[in-house]
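Two complexes come next, and they have one chain in common, chain A, joined by chain B in the first and chain C in the second.
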Partner chain A sequence: MKTFDAILPALAGILKSYEASIKPYLPLIVNRNVYGCIVLLIDACHEETIDLVSDDSGMRQLTAKICVQLKPHVKEPERLWMFEDNLQLLIDDPRTLKFPLEDNERRLIPEVYVIDRLAQEATWESFSDNTSTGTRVVFYSMKGGVGRSTALAACAWALAESGQRVLVLDLDLESPGLSTSLLPASRQPAYGITDWLVEDLVNNGDAILEQMHASLGTQQRGGELIVVPSHGDNPGEYVSKLGRVWMPGFTADGQRQTWSERLLRMIQQLEEKHQPTIVLIDSRAGIDEVASACVTDLDAKLIYLFALDSLQTWQGYRILFEHWRLHGVATKIRERLRVVGALLPTWGDQAFMQATAQLRENAYLNFSQCLYDEELAGAVLPLADGPFNFDLPDVDAPHSPLAIGWNQGFAAIGSLHERLAASEANQIEFVFGPLIDNLLAVCGAEP
Partner chain B sequence: MTTQQAVLDNDAIREAIEACLPADPSASLPDQQLFLPWPHRKALNLDCSLVIGARGVGKTAWARALLANQDHQRTVALPSEIFPYPLTVVAGFSDQAQTSHPSGGIFAKLISAQDDPYSLWLAVLLRALGSDNTSTLPLESWVATFDWVRGHHEEAWAILRQADQALLQENRGLLLVFDALDRVSPDGDWLQVSAAIRALLRLILELKGFKRLHGKVFLRTDQYARGSFTDLPDIAKIRANRIELLWSLTDLHGLLWQCLCNGTPCDAREHFRYWCQDASAKSQDPAMELFKNDLLLLNQSPAEDESSQNIDANHRWELPTAVQRDEPSQRALFEKLAGRRMGRDSRRGVPYTWIVNHLADAQGQTTPRSFLTAIRKAAEESRHRYPDAEYPLFYDGLKLGVQAASSNRINELEEDHPWLPAIMKPFSNRASVPMTVAVFDQELSEAFGLIPADVPGLIERLPKELRSQGVHGLITYLCQLGLLTQMKDERLNMPDIYRIGFKLGRKGGIKPAQRSTPQA
Partner chain C sequence: MRRPPPKLPTDYLDAMKRHWEDAELFWNQEPKRLANADQLYGLVAECGLKALMTKLVHGYFDHNRGRPSYRDDLVHADGIWERYMNYSQGGAAALYALPTDDINPFEQWEIDDRYANRMHFDHTRVKGHRDAAITVKELVDKAVRQTDLP
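Coming up: the complex of A and B.
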């Protein structure tokens, strides 16, 4: 009896041992359905010629072996193979989410791809490109309670003070709160992101677009802080609304859109309206559907991965990184990632440095093994588009942690707007400086 | 200098950079291009008798600057009033032909005849006292002086005491500077070098008993570590005041602008000077103002007054303080040369830090020699290969610069450690880092047998305490040399400056085949 994780490696092993038999029928698609069962797709042109009956047929033996070994994740032998017209077209279609099959030792099985059908739409691998005119930055954490929203609020504040037009989106829909910490109660707008997503289902989003933000001008150099909360000043029937935001919708011309496509459309409309120089997005924590949309679907230029240096944190990130590697999308996402070391001990320089060094090494381990390119021994020094690979101490590498020390003054998120207003600018700079400098560099402003 | 500068084309800047920086990486910089980082000042003080540093950090440069600094004629690179009284500076050893000390060849010959390096150093010291004090000393040849000293230690000490008294009365002093000590054995006999250094340190320790007789020894970090000098009695007296010449990010960029602003006269150089003044004027860091005041108070600054156009008698143009020390000012300046990106987007790093970081050894140290080599090569490559690039130093040119500095660095290292090429050969073109100790051990054992005993020429060059520790002793030594670091999970890592030159790979989860796989 095989369990889920053993299906693909076992199949890879069998296909390799019957390499000669399967070769004439390639390419092949392994379709893994929502129940975790597989069927194998080959091109319909082979339907007449394939021999699944004769005793000496390699394909028959192969079929039998798969059905025995992959039980109960396969159907009976007669239903293992399916014939698809123009299989190559399906493979070449960029909308087909597929990944190459590999064996236990990460060796590729040529011309064999896996299509994975999930029960929900969060695949952590559907990327949208070039949808943004400004700079979108996602704040993500594997675990909650690491100071992610506080850091976002402080950075938003500091960026606005330095003259940026900052749009803040609270997408932590299931535990909202960022906007209440950034805005005084009197300034909360009537609606929020949840309202828009529900109204959009009946093509009524425009009705609230004007009333879902609050704007705080700063004294400094024309900067502005525009906050879009997850709900309005009166949350209303929030649970009922939340239960509907994930629905796919249909555009006016009848085109189906997933909820993350709808979300992207909302962000584009907000960007068009407010013309921000930078958009900061507070994502939900964990391997969650909203988080998936934030991290991969919103065409963010930069994704901060907040990390406490704990086993649980790295196990979680490892799952994501390994998913990206296996599904062949690591090359798309890795350049956007940056580790943020959260709540680092500040009692003594030594403790801070040690904790940062340990975090750096753990981050390096995971990035290196899943997301960085192998740089072969003796290869010519890569120039512009050489392997994406960094040494452990490289300060510009995605794994290199931007360090945020633990700070009593920013520990409670409750009344951050008062706190920020009262804070000396250099106190914010003291705690969140590395992050703010990095953001300024990303939006191309003078640090 | 007007505020309106004509636009300078990139090639003119590239040519100026090439002309300003030494083509031969080991050549010493002319006086006006020497740059003394703030922490290095202590190395020049009289109470510092031991200055250590890797190859190419400026030991010889400072030894020579001290030697040129006779009595009232101050070397322009040295801070004024660095010494409390007029000083005669004599070369106790150097790689130059000097009458004040035997050449390496003669030194080796004398020692092979009579294994007594201590007496030979004492002879050098006595000769340095001058004829007023040493009428009994035979001077016709080094062998004559050496032979006399070997038989007359007691008289020698009497002469030293007398000379010290005389110097005190005249309110003067004597400083002997010892550099390039590996040359005491022209055929690189390491044991002989180590014995000579040991004898010298003993003499330097004894000089601490005098008031006006001073010695300063410049020593390579690995010579110091390998010599196992810790058992010398009273060595703590020297160790406590020893200075290690390290170069920070801002020190290195300060040096670069010192060189560029004091190079061959040309339009570009005027631009460089103007840029530096401009950067200084824009510098907003209030700490820099405080720092300037500190400098004035201490009266040790080479940049005492920026408004006086920074030109002194020897035509040394002094860098504004901000360009010496202030990171944001330096960043803005370097952007004029290399922009902000190490690739088509910003995700591969910023040139200002990238180049220094990629030249760093395992201890995070970058030598000025590597840095200037890389910048010069980058200018040259940019001029030849990327003439139309947006900035004078194109990012691919900088990468080629690092490559050149890397192979240069490895050549130097192999000169100092002849066993190194053999050790690295089993890994070259095959292995990747990070690597487990087990793999490292296995590769070496297969190639040589017992580590370190079976590696030709290795065991006698290891510091004593590491000789009996097998492969771990070798690993510790390679870490000390800055070639390897041991990660917290104990795997071995190698910084890029050596990894690229030794042709090792770097591990990564995405295999080359997967990179070219068409993606969904």
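Coming up: the complex of A and C.
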């Protein structure tokens, strides 16, 4: 009996062993439904000619083998094949989540695609492009409690102090709090992102757009920090609102918009209004619906992957990286990724450097096996710009950690704005310097 | 040559309701009017699932032509059950999921059964189709309560 993870490799193996039989019927779609069961889709033109009955028919034998070996993830032989008039449309439709089938050795099965039907909107691969007029940077972590939001707040503060117009979005909707730590209670706006997403469902988003941010001007070089919280000063029926933000919306002409497309529309409106030079987005941690939207759907120029050097962290990132590799979308995201080493030990001789080096090695292992191109000695390079590959020590590589040391001054503090306001610039720079310098470079400013 | 009369506008939701009401009239009579009840329970499932797919499956319904966009979706209860099971996705797929039974309850149901003799329609057969129609109707009722439909 096969379980979920064994289904596709096993199917690939069976299809390869019946290559001659299946060839006249290609292309083929493996449709995996929300229950994890598969049916095979082929063009309706074959419905009259395919032989699923005769004893010596290869297709009959193939069908029987699939049904025996992949049980219970396939039904009986009569229900394995479906004939589609619009097969090519399914293959070509960019809204259909699909990826090429490969076997256990990562070898592709030509002209066989998998359509994966998920019981949620988040896919971790619905990339949107060219929607940003500014520079969006996502702060993401596989695990919570790694100082991601604190780092974002400190960076936002420092960037504003250096003259940037910084728009901060608290998208950790299920664990909100960034704005509370960045803004004094008296400055909290009336509404937040959750309110906009709910009002937008009844075309009422414009009514609150002016009242969902607070600005903190800085005395330095005309910079500004504009904070958009998850909720307003009074959270109201937050749980009830949160339970609705995932709803799709419908445009006036009936076009369906996923919740993340609505979110993107909100961000575009905020960018248009505030004209930021950089947008910092605090994402939910883990493999989560909001995190999926933040990492893949918002056309971020840069995605920071906060990492403690732990087995759990790398197992989590490995799941994501392998998903991107398997689904053929690694090339769409790998150039935007950058590892941030979080809470690195700063006590003891050489501890910081050793921890950074160890983290770099583990990051390299995962990047090189899933996201970097393989180095093929003597091969003609398939990419115009050469392979996407980096050496372990390369300080500009995606796997090369921007290192943040653990600092008692920024640990477990309730009111970050007071702490930041009281901090000397060099204190923030001392802890978060590598990150701030990287962000300034992204903004096109001199560190 | 005579032109065909204009097609009445499609309304899967109301069609499901009226087929259900009439099927129950046949079912609740004594003796039960099994043959025609069976036919109508199939139509209940077809209309109910098409109503859900119109709302939940991107591009399912062609509003200009008043019918499903693709020929493959021009099917009755025996065909729509499989298509719904295999093609629904997104958050609503969990909310409006059909049971995962291995059996398509309408596998033995055909639209052409309307030409068959009443002797072929026994209680067991019709009850199975009625139970499946109730499952679909409950999903549709839930969608109406959630205002996903109409």
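The definition used in the following text is that the second predicted complex is superposed on the first by the 436 of 447 C-alpha atoms of A that agree within 3 Å, B and C clash if a C-alpha of one lies under 4 Å from a C-alpha of the other, contacts with A are read in each partner's own complex, and residues count from 1 in each chain.
Definition applied: a residue touches a chain if its C-beta (ideal position, glycine included) is under 8 Å from a C-beta of that chain, and two chains touch if they have at least 3 such contacts.
This one's a predicted model, so the numbers in the text were calculated from it and none came from an experiment.
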Combined model on chain A where chain B meets chain C, clash or fit: fit
First, second, both or neither for A:R106, with chain B first and chain C second: first
Which superposed partner A:A330 touches (first chain B, second chain C, both, neither): first
Partner chain(s) touched by A:V442 [first = chain B, second = chain C, both, neither]: first
Touched partner set for A:R79, first chain B, second chain C, both or neither: second
More chain A residues in contact [chain B versus chain C]: B
A:R244 touches, of chain B and chain C: first, second, both or neither? neither
Chain B versus chain C - smallest C-alpha distance in the overlay, whole Å: 17
Chain A partner contacts - residues on chain C that touch it in the complex: 58, 63, 70-72, 82-83, 85-91, 93-94, 97, 100, 102, 104
Residues on chain B engaged by chain A in the complex (per definition of touch): 328, 331, 340, 342-350, 353-354, 357, 360, 364, 395-396, 399-400, 402-403, 427-432, 434, 485, 487-489, 493, 495-496, 499-500, 503-515, 517-520
Chain B-touching residues of chain A, taken from the complex the two chains share: 92, 94, 96-100, 106, 108, 125, 325, 327-332, 335-336, 357-358, 361, 365, 368-379, 381-385, 387-389, 391-396, 398, 441-442, 447
Of all residues in chain A, those that touch chain C in their complex: 31, 33-35, 37, 39, 44, 72, 75-76, 79, 82-86, 89, 95, 117-121, 246, 248, 254, 256
